[in-house]
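Consider the two complexes below, in which subunit A is the common component and subunit B and subunit C are the respective partners.
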Partner chain A sequence: MKNGRLFLVIVALLLTSLSSAWAVKIEISAPGEQEIPLALTSFLPMGPIKPEIAQEIDAVLEADLSLSGLFSLVDRGAFLSDAESLGLSSVQVDFAQWKLLGAEAVIKGGYRVEGDRLIIEARLFDVVARRMLTGRRYIGKLDEARRIAHTFADQVLLSLTGTKGPFSSRIAYISNRTGKKELYLMEVDGHAPVRLTSHRKIVLNPDFSPVGKELLFTSYKNGNPDLFRKEIYTGRESRLSHRKGLNIGGRYSPDGREVAVTLSKDKNSELYLLGTDGTIHKRLTNHWGIDVDPSWSPAGNEIAFVSDRRGNPHVYIVKLDSLEVRRLTFDGKYNATPAWSPDGKRIAFSRLEDKRFDIYTIKPDGTDQRRLTFGPGNKEHPRWSPDGRFLVYSLDHNNEKSIYLMRADGTGTRRISAPGGDDSHPAWSGHW
Partner chain B sequence: MKLSKKQNWQRLHSRFEPGFMRMLLLSVAIHVLLPAFYTGLLYFSPPKEKPPVYRVNLVNKPVKNPQAGRPEASQKKQETVKKTQPKASPKPVVKPKPKPAPKPKPKPVVKPKPKPVAKPKPKPAPKPTVSKADEQSLAQKIDAMRRQKEREDRIAKLKEDLARERDKVVSPVVDAPVGEITGKGDEEGIAFASYVKAYITEQWRYSPYLGNNLNLEAVWVLVYSAEGQLVHKKVIAKSGNRAFDDSLLRAILKSQDLGRELGEKTEFEVTFNLREMQN
Partner chain C sequence: MQSMTLTRMFILFALVTLLATGCAKKAAMDDSQAAGGTQAVEETQMQEQQISSVEEQAVSDVAVAETEPAMMEAETLVRKLTRIHFEYDQYVLTKAAQDTLYANAQLLKAAPALKVVVEGHCDERGSDEYNLALGEKRALATRNYLISLGVPMDQLSTISYGEEVPLDMGGTEEAWSKNRRAEFTLQR
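For the complex of A and B:
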C-alpha cells in the first residue's frame, strides 16, 4: 500500500517536471507598443445640454492624458454607437465596439447642472478585461468643470499606475506683467493665472510648503532681500527672515518644520536651517565660497546646493547630521539650481554649456548624468512635479522668458505660461 | 700598485652612498615600467561582451520545419535545388509529348544536334566528287559553329553567375543568427514558437510611464490547443508591479485566439520583461 502511494507520488512528480520541461520557452523582452490606446469619449448630458461644459472637460482630459505619455488616443472620428450612449456601468458598455477600434481603455462620462451645482460622473473602463477600473462622481460649482477634469485625470493615473497624477496641483512663478516682478499662481496647464503679491519691487524664488497651501519667497519690499511667507487662500503674509544682507532661496524641509536658506549676515553667503518662526537652528556650511540654492532630499537628511568653493559653481551635497560636504557635478563651467526628485533617485539642475543653459539630471551618487533639453534659449530653474513624472522650468529665448513643462525624460515639452510677460522661477506645489 | 678586480669594484662601491646601487636599480626599473604603464600594457582589460543582437522577422510566416541559419545558408539550399532542376525539368517537357507518340517524337528532338555533324558523314560516299576546297570550307563552317556554340555557352554561364551574385543575400551582421537557431529544417520561415512570440508581443501594450522601474519580469504558462486557442493560462511568477502584471493579463486575454493552427496542443512558458527598454 505504502509502496503504491510512493510510486504514485513519484509518477506525479515526474509528470510535473516533464510537463515543464516540455513547455516551449519564450522570452518577450519589450512590449509591442509603448502607449495604451485610449478612447476618450465626449461627456454626455444627463440633463439640460451645456455643450461648453462637455467641451471644457474633453479638452482638459485630452491635454492632461496626452501629456502623461501613457496613451495614444483613438481617433474620435472612428467611434461607433457606444460613444453616444450614456451607459456608465460595465454591463452597459459595448466593449466589442471598443475592441474593434483597438482601444484597451475607454473613458466615458456625463454631466448634469442642478441650479448652481455641476455634477460630473466619470468612468475609466478596461476594454480587454471588460471591467470598470475607476469611477467618480464629482459635485462642484458651475465654473469648476476644468478643476474636476484635472482631478479625474489624476484619478486615471492613480488607477493605472498606483501613483496619483499632478494635474490638479498648482505652479507658482515670478512674472513682470505689471512692470514689476511679482509672485503668480496658475494651474498646471497654465490656465487661471492669479497674482499673489503687489510688492511693486522685486519678488524672487518661490517655494511651496509641503503641508498647507503656503509659499515662501524673497522680496525687496523693504529694500533688503528678505524671506517672506504667504498663505495662499487668506493672503496673510509675514517676514520669516529679514537679517542684514541676503535672505534668499528659502526651501521647506519635506516635513515642513524647517527652512533651508542662504543668509549673508556674516558677509559671506552660507546655508542655514531656520525654524518656521525664523530662528536659526543650524549653520550648514562654513566656507569662503558662495553657497546658495538649497534643495532637500525627500528623506530630509541631505541638502543639494550650489557652491563656487572649488572655482566654478558646481552642485554639492551636505549631510545634515555630520555637515560633511561632497561634490556632485564635475562637468561644465556653471551648474546651478539643483532640485531633488520626489523619489530621491535623481537631481535636476541647469548647466551652462556652449553659452547656453540646459537642464540635466544626475543620480545623487554622481553617476548617470543625462541632458534633457536641447535647442535654443536658456533653460533654467527646473522643479519636479509632486509625483516626479514631470519637470517645469523657465526658458529665456528671443528676449522673452516663459514657463515650460516636460516629462522627466525630456520628452513632451510644452509651453504653459501665456505669452507677453517675463515668467521665470517656477515652483510646483504638492498635491492640491 | 695594481688592484685586483674585486678591490676595484669595492673601491668604486665605497665612493657611492650606501644603498645607491639599490636606488639606481629601482630607478631603472621605474623607467622601464613607466612607458608600460603609460601605454596601458600592464592594465588588464577584460574582453568586452558582445551586445545582444535582436533580430525581428517581419516577413516570414510560420512553418512546421523552419529552415535554420543565416540568409546565406538558406540561399545555399536554394542553389542545391536549382542544380537538380536541369535534370528534372526536361522530363516534364518531354513527357507530355511522348504520350501521344512516345518514342518517335523525342528522337527528332535529340537527333537534330548530331545531324549537322552526322550529315557530312553519309556524304563521304560521294567523297571523290567533293572537291578539297568544299571539304575545307565545310570543316571551317563546322569549326565556326562549334566556336559559336562554345561562346554562347560561356555567355550563358556568365549570365547565370551574374544573376546568382545579384540574388545573393548577405546578412548585415556578420555573426548574427537568423531564423531558427537549431540549424535544421526544410522550409523557409519561422517556427510556431516564434509566431506565438510575435503574436503575443504585438498584443502587449506597456508604457514606460506606467512606472519608473524597468527591472520587471513575470513568467506565465500558456497552453494552446492544436487549433490555436488558449485553453489554459497560469502565472508562475508575478513581477510585483500591478501596472506591469495587468498589462500582461491584457496581452494574454488579447492572445486567446492565435488566428492560426498550431498542429498540436502546445504549452508555452513565456517570460515577460523590459530588457530592451532599459537602454
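For the complex of A and C:
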C-alpha cells in the first residue's frame, strides 16, 4: 500500500513535466492523510569533521519536515550501514537497506568547509523507484547551515507535492522587549529575531509587500497613528499616510500596486485603497459603523474586513468593482482579524466564544466553518504561510503574548517566539 | 502662599530639565544598539536631539520665568479634568460620564486658552484594529458632548490609543472597566 502511494506520486511527477496542472492535484499536500515514511540521515563530512554543522542541518531539516505533517520519520536508531556511507548517487545508495526499514524516501547529504565557504550537498531519493527525486548543491557562508537546511526543506516539499515549502520565508511581528512596542523580524522557526524599528512609541500591525523586501506598519512615532513603509535591507523608512485620525491596518494588494487601509480622516473609520505614493485611489466603505482589518482575496478583486454595522463585530466582504458588501460570519458575538488563504479557498479569523478567542476558518461563500484551536488563552491575528500549508497566530495566555504556528488543519501546534517578552501580530512574508 | 508656589515651581522646573537631559542620554544609547538596517533613520533623530539640547542652554532665566508658570498652570488645570469610563464595546456616554463631562466643561470654558487632547482607550479584549476605531469613537463622543455644552471646538482635539495604553494590566473585569476610558491631556 505505502509503496504504491509514493509510486503514484512519482508517476504524477513524471506527468508533471508534461502537464504542470496535474501536480497540484496530488492531495498529499493535505497533512495527516498520507504520511510518507522518510529516512532522514545525518549529513556526513566530505572533509574535516564539523559536528556543529551536521547537527544544525539535521535539526532544522527534522523540525521543518515533521512540521509539514507529510512524513513519518523512520527511527534513526534502526538505520543500517548506508546511513554512514557518503554515496550520494542513486547507483551508490543501498536502497534495499532502506526498503527493509519501511522507508519510501531517504534524504542523504554531506558538507564541506572550504575557507570561509560552506558547501552542502543534499539529495532526496525515492526508495521504491531507486532514483534521485531532487539534488542540490548549496554554497554559502560558514554560518548559513541553518538557512541552507530550510531552503532544502522547501525543495523537498516542492519535489514531492509541486508546491514549495515556506521554511526559508520570514515572519514579522511586534514585540515589547525594549519596553516599547517595536517591529521585529524572525525566521519561520523563531530563530534570528532582529528589531527593525526604534521609534520608542507604539508600533503596530505589520504586513509584507508581495514584491519587495518591504513592510507596512502603523506607528505613533509622530504622535498620530500613521502608516509607515520600511525597506528591510536598506532600513529606508517613510510615511505612506499621515492623515488626521487613524491610518491603520495597511495591507498590500496581491500585485503590490495598492494598499488597503483604515482611515478615519472624516471622523469615522472607513476602508480605502491607496496608491503606493499614498494618494487615495478609492473609498471602499461608507457606513457610520466601524470598518477595519482589511484582507485581500488572492485574486485582488475582493476584500474581507471587520464591521459592527449590524451590531456586533463580524466579517464582511466587499467587491472592489461594485463596492457591494456581503456578510460572511453570523455565529459568535465577536469575529475579527480575517486572513484570506493564498489559494483563495478559505478565510481564517478569530472568534470570541466562551469568553475566549479561537481561530476558525470558513469558505468565502460562508459555508464549511471549522474551529482550529482549542485550550486556554486568546488566539488572534491568524496569517497564512505563502504556500497556505500553515497558519501563524498570537496567543495571549497567563499575561504573556507569544507567537504560535500550526498546520492549516489545526494540528502540529508549536510556539516559535522565545520567552521573555510580549510578541504578537505576526505577518508571514512571501517566498524569500 | 506665593513664595511656596514659586519654590515649588523652581523645583519642578529643575526636575523637568533633569528629566529632559536624562531622556536624551538614554535615547542616544538606544541608538547605538539599533539594528544596522535602521541607521539612516536614526541619524536624523540624533541631529534633532543635539539641536534641542543646544536650545535648552540658550534659554534665559527671564524667559523661563515667563513661560513656565503658564505651562504649570495648564498642567494643573488639565489634571482637574476627570476621566470618564465606558461600557464594554460601547462609545455611548453613561449618565455618570455625562455628569463628569459637565464639570469638565465648566473648567474648560473658564480657561479658553487651554488646549486639550481627548484620548480614547479600550480594554485589551478583542481586535486591536477594532479597538483603535472604538477608542476613536469614544474620544469623538466625549469631544462632541463637551462641544454641545459650549466648549469651543478648537480647544479640543482627539486621539485613539485603542488597547495600547491600559491603566491596569490586571486582566480582570475590574481592570478592564478601568481601561475603557476617555481622558484628557495637555495639547503640546
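Note that in this section the second predicted complex is superposed on the first by the 399 of 432 C-alpha atoms of A that agree within 3 Å, B and C clash if a C-alpha of one lies under 4 Å from a C-alpha of the other, contacts with A are read in each partner's own complex, and residues count from 1 in each chain.
Here is the rule we use: a contact is a pair of C-beta atoms (placed from the backbone, for glycine too) under 8 Å apart; a residue touches a chain by one contact, two chains touch by 3 or more.
Values in this document were obtained by computation on a predicted structure and should not be read as measured data.
By the document's definition of touching, of the two partners only subunit C reaches A:Lys181; subunit B does not. In the superposition on chain A, A:Pro37 makes contact with subunit B only, while subunit C stays out of contact range.
By the touch criterion defined above, A:Ser322 reaches neither subunit B nor subunit C.
By the document's definition of touching, neither partner reaches A:Thr367: not subunit B, not subunit C.
Of the two partner chains placed by superposition, only subunit C is touched by A:Pro225; subunit B is not. In the superposition on chain A, the chain among subunit B and subunit C reaching more residues of subunit A is C. Once chain A of one complex is fitted onto chain A of the other, the partner contacts of A:Arg407 are limited to subunit B, with no touch recorded for subunit C. Touch criterion not met for A:Thr279: it reaches neither subunit B nor subunit C.
Once the two complexes are overlaid on chain A, none of the subunit A residues touched by subunit B in the first is touched by subunit C in the second.
Touching subunit A in their complex are the following residues of subunit B: 54, 193, 196-197, 200-212, 221, 242-243, 247, 249-251, 253-254, 266-277.
Those residues of subunit A that touch subunit B in the shared complex are 19-20, 22-37, 68-71, 104, 126, 128-129, 160-162, 343, 345, 388-389, 407. For subunit C in complex with subunit A, the residues that touch the partner chain are 27, 30-31, 34-42, 89, 124-130, 132-134, 136-137, 140, 158-161, 164-165, 169, 171.
Within the complex formed with subunit C, the residues of subunit A that make contact are 178, 181, 194-198, 200, 202, 204-205, 223-225, 232-237, 245-246, 248-249, 262, 264, 267-269, 290-293, 306, 308, 312-313, 334, 336-337, 350, 352, 378, 380, 396, 399, 425.
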